[in-house]
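Pasting a structure here, questions to come.
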Amino acid sequence: MSTGILLQLAQTLLAILLAPLLMGWVNQCRAWLQGRSAPPITQPYRTLKKLFHKDAVIAHNASPLFRFAPYMIFACMALAAGIVPTIANDLPFSPAADVIALVGIFALARVFLALAAMDIGTAFGSLGARREMLVSFLAEPALLMVFFTASFIAQSTELPVIVATLAHREFAIYPSITFAAVAFWMISVAENARIPVDNPGTHLELTMIHEAMILEYSARHLALIEWAVALKLFTYSALGIALFVPWGIAAQGDLAALPLALLAMVAKLLLGGAALAFLETISAKLRLFRAPEFLGTAFLLAVLGMLIHFLLEV
Amino acid sequence: MTNGFYSYFADPVQWAWAGVMFWLVLGFAALLLQGSQRLLIRLVFPLGALGALFIAGVGVAGLLLPASAVILPIGLPDLPFHLRLDALSAFFMVLLGGAAFGITVYAMGYFRNMAAGPLALLILWYHLFLGGMVTVMLADDAYAFMVAWEVMALSSYFLVTTDHDLPEIRHAGFLYLLIAHVGAVALLLCFGVLQGGHGDYTFDTMRLAELTPFWASAAYLLALFGFGAKAGIVPMHVWLPEAHPAAPSPVSALMSGVMLKTAIYGLLRVTFDLLNVQIGWWGTLALALGLITALYGVIFAAVQSDMKRLLAWSSIENVGVILAGFGLTLIFYTDGKGAMAALTLTAVLYHSINHAFFKGLLFLGTGAVLHATGERRMGKLGGLIRTMPWTAWLTLIGALAIAGLPPLNGFVSEWLLLQAFLLTPNLTQPYLNMVIPVAAASVALAAALAAYVVVKFYGVIFLGQPRDAALQHAHEASWPKRLGMLWLAAGCVLLGLFPAQVIGWLSPVVQLLTKQTLVNDGNWLMLAPVSAERASYAPLIFFAVVGVVLLLTFIWVRRVYHGRVRRSDPWDCGYPEQDARMQDSAEGFGQPIRQIFEVFMKVERETPDPFSRTPHYHGASLDKIWFILYEPIARLTGWLSEQAGRLQHGRIQWYLIYSFATLIFLLVFTTR
Amino acid sequence: MEIYWLLGIPLTGGIFLALWGCRKNAPEINALFSFLTLIAAALLTARIVEGGPMMVGAGWFFIDSFNVFLVALTALVAFTTSLFSRPYMRIEQEHGRLNAQRLRLYHSSYQIFIAAMLLALTTNNMGILWVAMEAATLATVLLVSLYRTPASLEAAWKYFILCGVGIALALFGTILLYFAAEKVLGSGGTALQWTQLNGVKAQLEPTVLSLAFVFLLVGYGTKVGLAPLHSWLPDAHAEGPTPVSAVLSGLLLNVALYAVMRSKVLVDGALGNNMAGNLMMGFGLLSVVLAAFLIKRQTDVKRMFAYSSIEHMGLITFAFGMGGAVANFAALLHMTMHSLTKSAIFFAVGHATQKAGTQLMADIRGLIQTNPTLGWGLMLGTVAILGVPPFGVFASEFLIITTAMHEHPWATPFLLLALGVAFASIFGKVQPMVFGETELPKLSYQPALTPVFLHLGLVLMLGLFIPPYLADWYRQAAQLLGG
Amino acid sequence: MTLTYHLQIVNLLAALLLLISFAMLSQRRIAGLITLFAWQGAALTASTALVAWSTGQHHLYYSAALTLVLKVIGMPWFFFRIVKKLDMDRDVEPMINIPTTMLIGIVLVIFSFNLALPISELSGTVMRSTLGIALACVLLAFLMMITRSKAIPQVIGFLAIENSLFFAATSATYGMPLVVELGVALDVMVGVFVMGIFFFQIRETFDSLDLKHMEKLKEK
């Protein structure tokens, strides 16, 4: 148990610390693929440092909610990162929240972000909030369906159990999982505000969703949000790994496997980040009202995956 | 029952009846106290609130003690009022009492400035309403049930039409009472079937009646129709978005939070208790109806621009979710999967009580806003979190709860329901476990849309810049109001944080209906309905972790860096001036949803002329069902009555011909 | 002995008022006589309650629990109506719509009308029953045309001709009855005595009796206002003075139905099948549905409530047609509730229309403002007549509908439809009359609302608690009707 | 055999009644109508008296006398007075033309005979077919009320119904109990009186006794 606690803390801290790195890695890959000279991989850390040092400038009419939100969001993401098994698989936190609760956590963070965005009452803020919720009301159930497919296979909604089933039982091919995987990729693209749904690198009012929400933030608040965003990306990648390529995650209580698991993790993350960057480079940003269609497709795929599970695998 | 005085107060059911009587006395006392308005506010409402607390207490007692019954000396000669308090009634009494306490305390503040005369009447109806609802839950024979049911409807109608000088409120009240009455007649027929020819209308005989599947189904469908009309199930929902907003906010809170649940109670009572046979397709039907209702409700909630209407539509959504859960319970139950039925039923009950609390809280919040600003249109509100922080923060709790966000109560019931859906592979009918995942998907969709609605609701009303100068001096809610909201908010939090305990309290009810109890595999702080292996959720840990991380981050930031803050104008990509008109209006926020789901709506839009000096935009998304279902019915009756009117021709010879023809016809008819 | 008082008092009252009716205090005298009648009725009732059915006057009068409760009801409503008509008629006179002569006519015919109804109820002789019914018609014809407006004349004329013809047919039925009876009982006075007939009903000739019942049903049914024989009813109710509408709706219809029921008992005995019952169910359903749809298009408040009377009479007839202990019980209960509620409504409506100076509902608004008590009286009365608990009308409707549901399920959709339509129409029209704004000033004088709330109070009480002796009374009556 | 002899006469009178009813149905002038009504009364009196004599039901003599006074002398005189007072002895335009009415009348007669057949089978009294005839008369009078559009003919039709009923009572059942008879007679008298009042009221309000002025009360 105590080792469990330690492991849990270690993993969570690790996630929190490594998350910006992943972000940096993705940006670097993108730069390479687009033939730009890339910023150093540690650029995100520098940005955070700079932001933390700055004085916070907030609007006159900003309410306490506005200042409270970044901490809330950061905390939620930290918890999420703590729950998803990245290297080890017996985590004292994980009973606290299964996959459904995980979706709940993301939703909580999102709602707070959207509310904070509306707090100042600028045109962009409410615009961003609206678009964010629009994206999420399709992405969230789709994500849930992806999880359901996995849970139907594993007969459980507990991430460790799912991972255990998928990784440590005898190897089986689940066609449903492939559908789920595609759906999951589309969802995570949308949820992490990446191309083709959103573009993290722009402030064009026609396109921006996530950026529009955080326009009013500065300094430490902005830093926390940026960090949370990185964490979110990390968590989603970890989730994808745990669900679809879980091999290598250390089983319950075998500490010997940990270093290996760590290596495997890093490798998968590098690959995943590269893949994300690649896909972002080759695809173009969608018009906003194509986004619901995009996510609708994701939702459909997820449900389809579940049905296929019932057709072929039960 | 032993003789002597104590026998009158021996059982919970008698305490409960005493509580009802207390309310009635209070109500009529109000008529006598018309002289002093202060007394009405300061004395009667608090007493009423205590009554609510007492009822809740009795409910708890009823959950712990065995069922008890009593026969009152009133009613029909062969059918005196039978009252019975079993676990099911007890649970709903807890729900009622708990919610009603907060609401009544709030009402103390809400009606503070009302003139004595109308106030006295309002108090009378208010307490009749409460008493009626409790009696519905206690009734153990058809007559008592129907009387209580209609008293509830009637008194709430009079409450809805408190401001009867506004025609639209009169219309709302009329529509409400009409649909309620039609539903009541359907229930009457349902009981007529249930009694199975014994000529005895006590629930005991109904339990014994052996109905053929056909008649059982008839009874079930009638009940579904009758109770559905009260619960606002699509397509009988049209009255709800009219009536709930029309009422004064505490009444809206009671209607949405509690009265709808009496319909759920009735449905459970009839289906699981009175009917001696259940059939699988009933559940499928209820599930389908529930999902349709849920999605329909939430979609329309998203496009409303009147805050109370929005809440009313979201009530429809929640009822839909509850009904879907009910249907799933029925499916499991008829499939012989007692344990799963137990889980699902737990979810249903849990969601019912949750909805009572957070919807009540939200309606009270809107009431406070309404009083402070005199404005119901969200397009004229905004930024109230600065002028009325108490209301704003308390409402935030309700909003997060209704959005089904952890660690609040809304999430727990949703979680349980989804867990139940995940159990469907064990069903024997193959087609069902194919279909039900899709059902799960739509429940999830509804939940996600609910989040959208909440952000719209809260963001537009409480955040942003005030859309109207007058809002600058909106005053904070008075203390009774705050206390009332505080109570309900506390309810939301506690129900969210201690699900294991709540489920423990629910178990007698579940036991009663499904002959099975839900075993919590987890410990006191962890909820694991089936097995810890399968699924678990520990809101306390969850809460603790989030809290701790939040705190640590805060301290860390302050320690390592600094907490300096500078105020300035909003940045907003450097646009020079930001006025309130630039924010999203309620319509604007709902626009994407409207665009996506336009098929369900009849959209009326008038966009301003580009050259007009005073541009104004009007958009309304109307319920299509009204136009494709209700208007034809109205037209048909109109046509029929026109035909009937032709008979009344005015010429006496014709009238003579009628008599003549009738006579001849009967002579022929009888001599055949 | 009471029986003679019962019939004598209103009769002398009629004559007295015919002679001295022009006095200033005629209304009080009227009320006084009605009150004495009420006392006589009460005594008679007490006698029956303790002594059981009894035959008076060499078998000319027969009182059992069936008609004694109608007697009590009639006397009560007659009294309350006379109370209501006191201020009402005074104001009519002040408004110059009536003069002393007319008032004299009104008062004396009012008393005679009551006498006739009581006679019809108490007599044991089917022939006398017919005579009394005709007399009741004649007594009210001139009341309907009291205002001498073209409309009231037309209404009265239709009332007179249609009911006259109907009654004539009833007479033919009676003759056939006698025709069948004399072969069993021999000709002479006793052959038309109900008790005698009831004794030998099994031996009566079926074909003749079925024929007789058709005539009796069509005849008395015209006065009950069963569709399609109802055409006179709305006109008469709408155009006559409101107190008259109240007694017509509240009492005359009951008495006519009473006549039908007396004959039904005999016919059932003779035929042994449910032919009579089926006919009544058919008429009942038709009336309920037709009335409901006709209510929808009313603009005149009294006319609307007249149609609602048709609807309720239809419901009662339907219940009687179903037969059986519960249904008969319910029907009797409904008779009581309907009389009390409907007359209460007419009282309230009377004041309202008098105040607004019109019977058009579109012009009557916001009674709650002009006089709250009156407004609430009308609102509660309407709610009660629409069968919303805890008012007693619901109690009977509850029994009727649930019984119908398991004995004649085919009929329930019609009932459901009709009740729904009626509710929508009536409530939708009354609500704006009671609620909302008005420019009329407050009511200047004190309206006679005691009767209204007395009736509603009774209805409310009976909805929640029916005293045991009253219940037994109903049960016995239900028994008599073949429950 | 006297009975059969009487029987024949009474049957003859019955036929006469039927004939008169038809005549009424076809009569256009009000005066003529009143006369026919008087004749009907006369026939009724005769038959009643005959039945009374042949069967020794003495109270039938009273009814006969009553009929004579009321329906042969009283009412016709009354009607003639009114007609003179309101001078309106003009053609009464029936709503349906006479031949059609006649045809319907014949159908009615056949119908009522069929109807009465089983009953008259078991009639213990001397008269067999009279009940059918009475019924036929009732229906014919009813038909007349339907087809006439003025007040007085309608009333006469009403009284004709009364007559036929009375005929049924006397011939088929040797008359009702006396009290009833008296009551009926009283009612009829009062009824006619009330009608008289009505005629004047109607006349002074609509200045005509045409019923087509009285079609205001209807569903809009």
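Chains: A, B, C and D, in written order; residue numbering restarts at 1 for each.
Basically, a contact is a pair of C-beta atoms (placed from the backbone, for glycine too) under 8 Å apart; a residue touches a chain by one contact, two chains touch by 3 or more.
Nothing here was measured: the structure is a model prediction, and the numbers come from that model.
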{"item": "Chain D reached from chain A - shortest hop count over touching chains", "value": "2"}
{"item": "Most distant chain from chain B by Cα centroid", "value": "D"}
{"item": "Between A-B and C-D, the pair with more C-beta contacts", "value": "A-B"}
{"item": "Centroid spacing, where centroids are CA-atom means, of chain C and chain D in whole angstrom", "value": "31"}
{"item": "Where chain A and chain B are represented by their mean Cα positions, the distance between them in whole Å", "value": "36"}
{"item": "Inter-chain centre distance, chain A versus chain C - centres from mean C-alpha coordinates, in Å", "value": "78"}
{"item": "Length of the line joining the C-alpha centres of chain B and chain C, rounded to whole Å", "value": "43"}
{"item": "Of all residues in chain B, the ones touching two or more other chains", "value": "644-645, 647-648, 652, 656, 667, 671"}
{"item": "Shared interface positions of chain D, touching two or more other chains", "value": "115, 118, 142, 145, 154, 211, 214-217, 219-220"}
{"item": "Multi-chain contact residues (two or more partners), chain C", "value": "157-158, 161, 165, 169, 207, 211, 234, 294, 297"}
{"item": "Pairs of chains in contact (touch as defined earlier), listed by label", "value": "A-B, B-C, B-D, C-D"}
{"item": "Sites on chain D touched by chain B in the complex", "value": "95, 111, 115, 118, 139, 142-143, 145-147, 149, 154, 211-212, 214-220"}
{"item": "Residues of chain B defined as touching chain A within the complex", "value": "382-383, 385-386, 389, 396, 400, 403-406, 411, 415, 418-419, 421-422, 425, 433-434, 437-438, 440-441, 444-445, 447-449, 451-452, 454-456, 458-460, 463-465, 522, 526, 528, 532-538, 541-542, 545-547, 549-550, 553-554, 557, 560-562, 564-573, 575, 578, 580, 582-584, 588-589, 591-593, 595-596"}
{"item": "Contact footprint of chain D on chain C as seen in their complex", "value": "125, 127-128, 130-131, 134-135, 138, 141-142, 145, 148, 150-151, 153-158, 160-161, 164-165, 168-169, 171-172, 174-176, 178-179, 182-183, 187-189, 191-192, 205, 207-208, 211, 234-235, 238-239, 294, 297, 299"}
{"item": "For the chain C and chain B complex, residues of the former touching the latter", "value": "157-158, 161-162, 165-166, 169, 207, 210-211, 213-215, 217-218, 222, 228-229, 231-232, 234, 275, 279, 290, 293-294, 296-297, 326, 366, 368, 372, 383, 386, 388-390, 394-395, 397-399, 401-406, 412, 415-416, 419-421, 423-424, 427-428, 431-432, 435-437, 463-466, 468, 471, 474-475"}
{"item": "Interface residues, chain B side, partner chain C - complex", "value": "73-78, 117, 142-143, 146-147, 150-151, 153-154, 161, 164-165, 167, 170, 173-174, 177-178, 181-182, 185-186, 188-189, 191-193, 195-197, 199, 201, 637-638, 640-645, 647-648, 652, 654-656, 658-659, 662-663, 666-667, 670-671"}
